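You will see chain A twice below: alongside chain B first, and alongside chain C after that.
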Partner chain A sequence: MLKAHVIRRSWKTALAYLIVGGWSLFAVLMILWIIIASLKTTRSLFGAPWTLPSAPAFSNYVKVWVSNRFDDYFLNSILVVSASVLVLLLVAVPAAYVLSRGKFLGRGAILNFFIFGMGVPVPLLFIPLVVLTTELGVIDTLMGLSIVYVSVSLPFTIYVLQGFFSSLPAELESAAVIDGCSDWQVFWHVMLPLAAPGAATVAILNFVALWNEYQLSLILISSPENRTLSLGIYSLITSMQYSGGNWPGLFAGVTMVMLPTIALYIFLSERMISGITMGGVK
Partner chain B sequence: MISKAHKTLSAVALASALFASTTAAHAVELTFWSMWNEPEPQAAALKTIMDAYTNANPDTTFKVVWNGRGNQTKLRAALQAGTPVDFMDQDGDELAGGLQKQGQALALDEALGTDFKELLLPGAYDLYAKDGKHFQVPYIYNTVNFWYNKDLLTEAGATVPATWTEFLAMCETVKSKTGKHALVVEGTDAAYAALPFSHLVERQLGPKALIKVFEDRTGDSWLDPAVLDSAKKAVSLWDSCIAGDARGFQYPAGQQTVALGASMAELVGSWLPTELADSAGPDFPWGAFNFPEVEGGKGKRTDLQVALLSMVVLKDAPHPKEAAAFLKYLVSEDAQKILVEQGGVGVTRKGVAWPALLADAFTAAENASALTNIYGGIGIDYADFYTKTFLPEQSNMFLGQKSPEDFVKLMAEATKKYWEGK
Partner chain C sequence: MRRRLIITFLAPALILYLGFVVLPAVRAFYYSFFQTSGFKDQAHWVGFGNYVALAGDPIFWLTVGNMLLILFVGGIAVFGFAFLFTILINSGLWGKKLFRALIFMPNIIAVVGLSTFWSFVFMPRYGLLTNFLNSIGLSGLAVIPWTAPEHLFWSMLVGLVWISAGFFTILVLAGADKIPTDMYDAARIEGATNRQMFRFITLPMIWDVIMITLILWVIEAIRMMEYPYAFGGPNIDQNLYTPAIYLFIMGFGQRQPVYELGYATAIGVAMFVFTALAVLVIGALTRRERVEF
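On to the complex of A and B.
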């Protein structure tokens, strides 16, 4: 009986490993294929898609980086996304703490308001955002895009962090208050350090989401000098019609977009996973 | 003495100020939103043209936003927000169903004059006219033809076909003599897959026939035997012309087989040689021939489906007259030659030869007896029906998932239902 149970469990584990392992292998192979494709010529890419390039064409990267202005787009993306995530944390962490721990009239309503915000489809915001950013004089600017990114990311971030703060033991706060801490000191010296894994998690999730964001930047950014990387990729794809298909160049651009998020995940994945499993999103 | 010098200086200063104010009053900065990205050769050509225009007209300068292909989408949002724009460019079909249809394009008849259409290749200026008014200035010309590898056709000992029967015979000959298929398609691209059927309907029933069939509110025109025959003929291409695995081809897999010499031709726009320039190489023996006539049909072999790229002046443009004057210059011989040489594109001006690669397409455009919008033109005024019903159902039929008989019946019912809801 026990043996049958152990065998059944082993099978389940093996199946789980097979599915997860197969999925991971597929993802890794696809990433490698994209990187290899970015080093080929168009002819060899389509003529022999599964072979290694005979002579790596690094010129694809040079062309995309210089001629297609990916140097500017990369810098724009770094600036916009970093600034947005920083401001987002500055706003969302205190807000989530207050919504989690504070006892005041309308707390539930405010929290529900943020949760409701998560359900608003982004395309519905296009026209109001264009009008608003124009009136504020920040349309087609990186600052305007950052403001919008912070605004649309707030509901999800506050929701996750609020759950995270709620999972922390109230006894720690009480002890700090007994020791003579003010509200601010309790937040700054006790709760914020405890919430660091949660804050890091939402920072990474938002960084990846905003790094890949496309729809809002397409609508709000028109000047080529203000384009982000996702718009750069879009312009590479669309310019293939009428101007020639630079497919290896496209894959070089995709690699440039992909690598920072992969690196981020490699270096910070443990912290992110611990944040998710410790917090309220488990 | 001092007083005299003072007076002289004052007079000079006044004259300078007057001159400056007169110049300032005429100085115009035209805002142009473009469908091209700055690194593209077409953008470089337009820059040269604008520079030449400014040299000839020092009071007119340009502020350009190189938006790329999402130009019209971005422009709509910008117009909502009150951004001033003088003129813009986009695919003519997209403009006709977009800014032009929404009343945001300026009628140009008065500014361009009645003789303007004589300057352009046959039918080009009138293609997007509505109720006798012209809102677009087409400046780049794309034809739809069979783009083929001349060496493969020669190797097969076949010739360019004039009729549908000859066309099918050519397919057989190419297959038997070279072991390769004469045609390829991007099987999963519903729009490209609609090209054979839309051409066949037009060859059977005449130019713009597909849209006329759809505009019959009873839906009965779909049941015309000629429409059913067109559907059957389109499907029959799989018998001897197209390799079966092309059903699963995802763009650009199909066209790459032409570049790599694995198949001979594709029915597509004249942008193909440019799109395949990297993989086909500079010496690829490109040729193009028109869709053949169907015996007994009303359409001619010289009727063309086209995709023109156009400029429009915005209705609320700050400088409409100056913008229209520039568009007139854009189709001048000098400007159009710059587009050909630097941009590598076909142009709309009569008598300006296209790049050598596109020589056959230029001949087709010069001799065009009638023009129809690419894919038959349903997508312009009836975009919803086109994308949700016609394209997917036509694709199902073409790929063999639905019989031609079921397809025409379904289209007849869907068309009737569509018009009942209007």
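On to the complex of A and C.
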């Protein structure tokens, strides 16, 4: 009796490992496959998609880096995404602090007003944003794209940050006030250091999200020299229709866009996952 | 906190949010009452004309149909996987954090990269799927044209579900993890089965998490654009159109410019209304006493 029970249990455990492990392994194999594909010739990619290349074709990288201008795209992405994340933190951290610790009429309403923004479908803003950035003269510029990135990232960022600030103990704040700190000093010397891990988490999450996004850059950027990396890959997909299928080159571009975020993820996956679940599941 | 600090801390965020999210959203409603092909062009006030045209536009209803398929068929698959993985991972597997990290991983890779990979998987003749099916001797299945119009949407949905399942798994898992374990211990002593524990402890305890994740899914599904659009590549097939893709094509054109800006924004307003309605419905359906502990 007992033995049968144990066997059935171990059967179930093995099945659980198989399902969860298989699903997990798939993502890893996909990444490896993409990297290998980026080092093959078109003929060997199509003829023998599962094998290693006899000699790695680094020329795929040279080609997209030079003739497809991925050097510009990479630099643009680094520039736009870092600037956006930096400004986002400068703007969102103080706002989230006030919205979670301040005592004033309308605090909850303003907070809800920000959170409401998470439900606005971004495509609704496509045409108004094109009109607005044209009026401001920042359409098709990296600066215009950054301003839009910061603005649309505010709802999620403020939501997560205010949850973080609310979880900090109130005693520290009142102790600092009793010791004679001004409210600026309370923020700068007491709350900000405590909130640093939360700020770092939203910074990473937004970095990855903005690095990967391409729909807003698709509508706001028209000059090839201003493309971001994700948009560059999309335009490479579009151009393949005319230039024939340079799939290895495309996978070289994909490798370039995915390696930085994967590298971040290897070191910071726990922090990123806890940041997202903190926002959704309090 | 002094008033001055509150205002200085709030003002930059409020200005950006009002200027680049709220104001454009309000302007979208306004634009949707015009027929216009650009800003220099004279815009004609058409009242609800765009909405009337939308109601009679078979392509729009096709996009709504696709949206509903993503929402319901995709949603059932996504949440099915999310619950399955939560149950399996929490059944005492070794390496929980590793599995969680790997299941979530597609979400940190650029959507254009993922759609490129899946395009290659489903590619006719040379695709990885066809190749794989041939190599294991299932040539009967290998001849199925996965990117033919009647299969294309479902091929797209596979990758979409794969990505989203990872996202919602970590949310459901986090919800399940906040349940105190002594509740399960007590139930086990009373002789409860796994299924009973799931039904009578897990589900009620994570009810609020389920509501939030459902709302997130609905928002995501209604505004879906990036994955199917990149999966479709140049000259995207109409079977892949979502409302957002149709909006984009009506506003900015595909091969030929269309520039129906008023019409395109009306689609955006429709998406906004769908989202609002869906959130209200979920709110009403899932309203019940929250379990405090």
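The rule is short, and it goes like this: the second predicted complex is superposed on the first by the 243 of 282 C-alpha atoms of A that agree within 3 Å, B and C clash if a C-alpha of one lies under 4 Å from a C-alpha of the other, contacts with A are read in each partner's own complex, and residues count from 1 in each chain.
Keep in mind that, in the parts below, a contact is a pair of C-beta atoms (placed from the backbone, for glycine too) under 8 Å apart; a residue touches a chain by one contact, two chains touch by 3 or more.
None of the values given here were measured: they were computed from a predicted structure.
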For A:188, select first, second, both or neither according to whether it touches chain B, chain C, the two together, or no partner. neither
Please tell me which partner, chain B or chain C, touches more residues of chain A. C
By the touch definition at the top of the document, which applies to A:43: first (chain B), second (chain C), both, or neither? first
Pick one for A:68: touches chain B only (first), chain C only (second), both, or neither. first
Looking at the overlay, what does A:270 touch: chain B (first), chain C (second), both, or neither? second
If we overlay the two complexes on their shared chain A, which of chain B and chain C does A:257 touch? Say first, second, both or neither. second
Scan A:155 for contacts with chain B and chain C and give back first, second, both or neither. second
In the overlay, answer first, second, both or neither for which of chain B and chain C A:58 touches. neither
With both complexes overlaid on chain A, does A:11 touch chain B (first), chain C (second), both or neither? neither
Can A:110 be said to touch chain B (first), chain C (second), both, or neither? second
Chain A residues touched by both chain B and chain C? 46, 126-127, 131, 134, 218-219, 234, 238, 240-241, 247
Inside the complex, what are the residues of chain A that reach chain C? 12-13, 16-17, 19-21, 23-25, 27-28, 30-31, 33-34, 37, 46, 49-50, 90-92, 94-95, 97-99, 101-104, 110, 114, 117-129, 131-132, 134, 147-148, 150-152, 154-155, 158, 183-184, 187, 208, 211-215, 218-219, 229-230, 233-234, 237-238, 240-241, 247, 250-251, 254, 257-258, 261-262, 264-265, 269-270, 272-273, 276-277, 280-281
Provide the residue numbers of chain C that touch chain A in the complex, in ascending order. 1-3, 5-6, 8-10, 12-14, 16-17, 19-25, 27-28, 31, 39, 84-85, 88-89, 91-93, 97-106, 108-113, 116-117, 120, 126, 128, 131, 166-167, 170-171, 173-175, 178, 209, 212-213, 215-216, 219, 222-223, 225-226, 229-230, 233-235, 243-244, 247-248, 251-252, 261, 264-265, 267-269, 271-272, 275-276, 279
For the complex, give me every residue of chain A touching chain B. 41-43, 45-47, 67-69, 126-127, 130-131, 133-134, 139, 218-219, 222-224, 234-235, 238-247
Chain B residues touching chain A - in the complex, by the definition given at the top: 33, 36-42, 65-70, 73-74, 77-78, 80-83, 142, 252-253, 256, 259-260, 271, 274-279, 281, 309, 345
